Amino acid sequence: MPYLEHRLTRRVLFYETDLAGIVHFSCYLRYMEEAEHALWRAAGLTIAPPDHSIGFPRVSVTCEYAAPLYFEDEFEVHVRIDKLGPRTIHYAHVLTRGTTKVATGTIITACVIPAPGQRPRASEIPPAIVARLRGDN
Amino acid sequence: MPYLEHRLTRRVLFYETDLAGIVHFSCYLRYMEEAEHALWRAAGLTIAPPDHSIGFPRVSVTCEYAAPLYFEDEFEVHVRIDKLGPRTIHYAHVLTRGTTKVATGTIITACVIPAPGQRPRASEIPPAIVARLRGDN
Amino acid sequence: MPYLEHRLTRRVLFYETDLAGIVHFSCYLRYMEEAEHALWRAAGLTIAPPDHSIGFPRVSVTCEYAAPLYFEDEFEVHVRIDKLGPRTIHYAHVLTRGTTKVATGTIITACVIPAPGQRPRASEIPPAIVARLRGDN
Amino acid sequence: MPYLEHRLTRRVLFYETDLAGIVHFSCYLRYMEEAEHALWRAAGLTIAPPDHSIGFPRVSVTCEYAAPLYFEDEFEVHVRIDKLGPRTIHYAHVLTRGTTKVATGTIITACVIPAPGQRPRASEIPPAIVARLRGDN
């Protein structure tokens, strides 16, 4: 079974709100990342192994805000892998609270091999990770 | 003199870094907002008056990441008003560290009149604010 | 049944880590607050009603750190109301990961009635809230 | 000249406020850390060298809140090294806005030598760092 999408349920925390009484717009990007990492865990993977042998920095993000989120709101983040390239992963996200669309967004990440004291080196995504995300046996 | 652009100098704080040793991608959006609010202050305005009489929630954001930022890096955020419409403001941002481009981004905000207990109502940007941003006398 | 204690299970998020590879110390205070708010929800209450009719700002906090938390660690926050005074609530927290003690902490909050445009006014905790927290019928 | 104290001037950022319209209590700990790191920079040091050869995790923190901080408030964080032990540093902080005391707090940190893949090892603070903080020539 492919792990190419995931649904995360989440509740708004107090410190995520701002003086306008709603969730600060930067937190939506964090919610999107949380759903991405939950997708990896569901596939038996971690985005950040303890040995720091691989990393997935962001290439670009977008977010369109449709409705505010309030303190203690329960909402859902649906994340889907839109494109699984040799060196990049394109994610598409939809945030909903009940039947209300809250936001849509995208994140593009690149695969890198960290090198202590140097800038990370771009790398192809390891086949074992691709296989897990695709749900191959 | 029009206050349609602004340069903010900033230093990376410890808690803005993550386990990859670089600034978390969501903080770039916060840096962009900081520059926007500094632009407003330079024009003699505040984005959030104490009486909550007006607000500027986000319609959409984008960010493209060009280079990582590290702890204690000094960097600059240049913000420019790209379009000042009757109800929305389009900002364009460039983040640089010395001669290195770190990121580019955009934020679109809409003007709203908060109403206690109700959803805020879309509104035209008050002429006094437009005049200040344009630097009219 | 009194709602004078609560256990919250939580997983460490990526953006809560810092360049030292562990959770930033300020996040422990946020975890403690999350458990406090979950205790209130379990008692059928909310710490921040939508009408802003009451508030619980912090008087003081303490935290002693016993062991680091790492990305994706699952941990537990146990919160207990140590003292329920007429105007203040004293919480005591213990954070654990499995059998490892991660941290202990305290939060003292005061009850206030917000007043638009003025500083909030100290107030006794409403009897209905005290009854809920005590689990009276 | 000893670098055993430092004053940091700071302005409240939008995303540091919460729905109560004031700075979230966890941010005060971040402000205190910012002043600590600025003290180190003033002494020609960095709390986190790029080679990760040393670290200063927190042992304990306390904060007492005296007055709220609001969006765009300018305030000052005064940090003072209260005790410079062989393995720990005790900091004492006072936050003020004009003549108003906003908060007082303390942070105790321990010196550790990180070891990849293992828990960091407690260590004496290197004499070169002690000399810099004391302002020895």
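First chain written, first letter: the chains are A, B, C and D, and each begins at residue 1.
Please note the rule applied: a residue touches a chain if its C-beta (ideal position, glycine included) is under 8 Å from a C-beta of that chain, and two chains touch if they have at least 3 such contacts.
What you see is a predicted model; the values in this text were computed from it and never measured.
Asker: Contact counts by the stated rule: is the higher one at A-C or A-B?
Answerer: Greater number of contacting C-beta pairs: A-B.
Asker: Average the CA atoms of each chain to get its centre, and name the chain whose centre is farthest from that of chain D.
Answerer: Centroid comparison gives A as the farthest chain from chain D.
Asker: What is the distance, in whole Å, between the centres of chain A and chain C, each centre taken as the mean of its C-alpha atoms?
Answerer: 28
Asker: With centres defined as the mean C-alpha position, give me the chain A-chain D separation in Å.
Answerer: Using C-alpha averages as centres, the distance is 32 Å.
Asker: Can you compute the centre-to-centre distance for chain A and chain B, using the mean CA position of each chain? Integer Å is fine.
Answerer: Using C-alpha averages as centres, the distance is 24 Å.
Asker: Using the touch rule from the top of the page, what residues of chain D touch 2 or more other chains?
Answerer: 14-15, 19, 22, 26, 30, 33, 48, 50, 71
Asker: How about chain B: which of its residues touch chain A in the complex?
Answerer: Counting only chain B, the residues touching chain A are 19-20, 22, 25-27, 29-30, 33, 48, 52, 55, 57-65, 68, 114, 119.
Asker: How about chain D: which of its residues touch chain A in the complex?
Answerer: 14-15, 17-19, 21-22, 24, 26, 50-51, 71, 117
Asker: Which chain D residues qualify as touching chain B in the complex?
Answerer: Its residues touching chain B are 13-15, 30, 33-34, 37, 41, 46-48, 50, 70-72.
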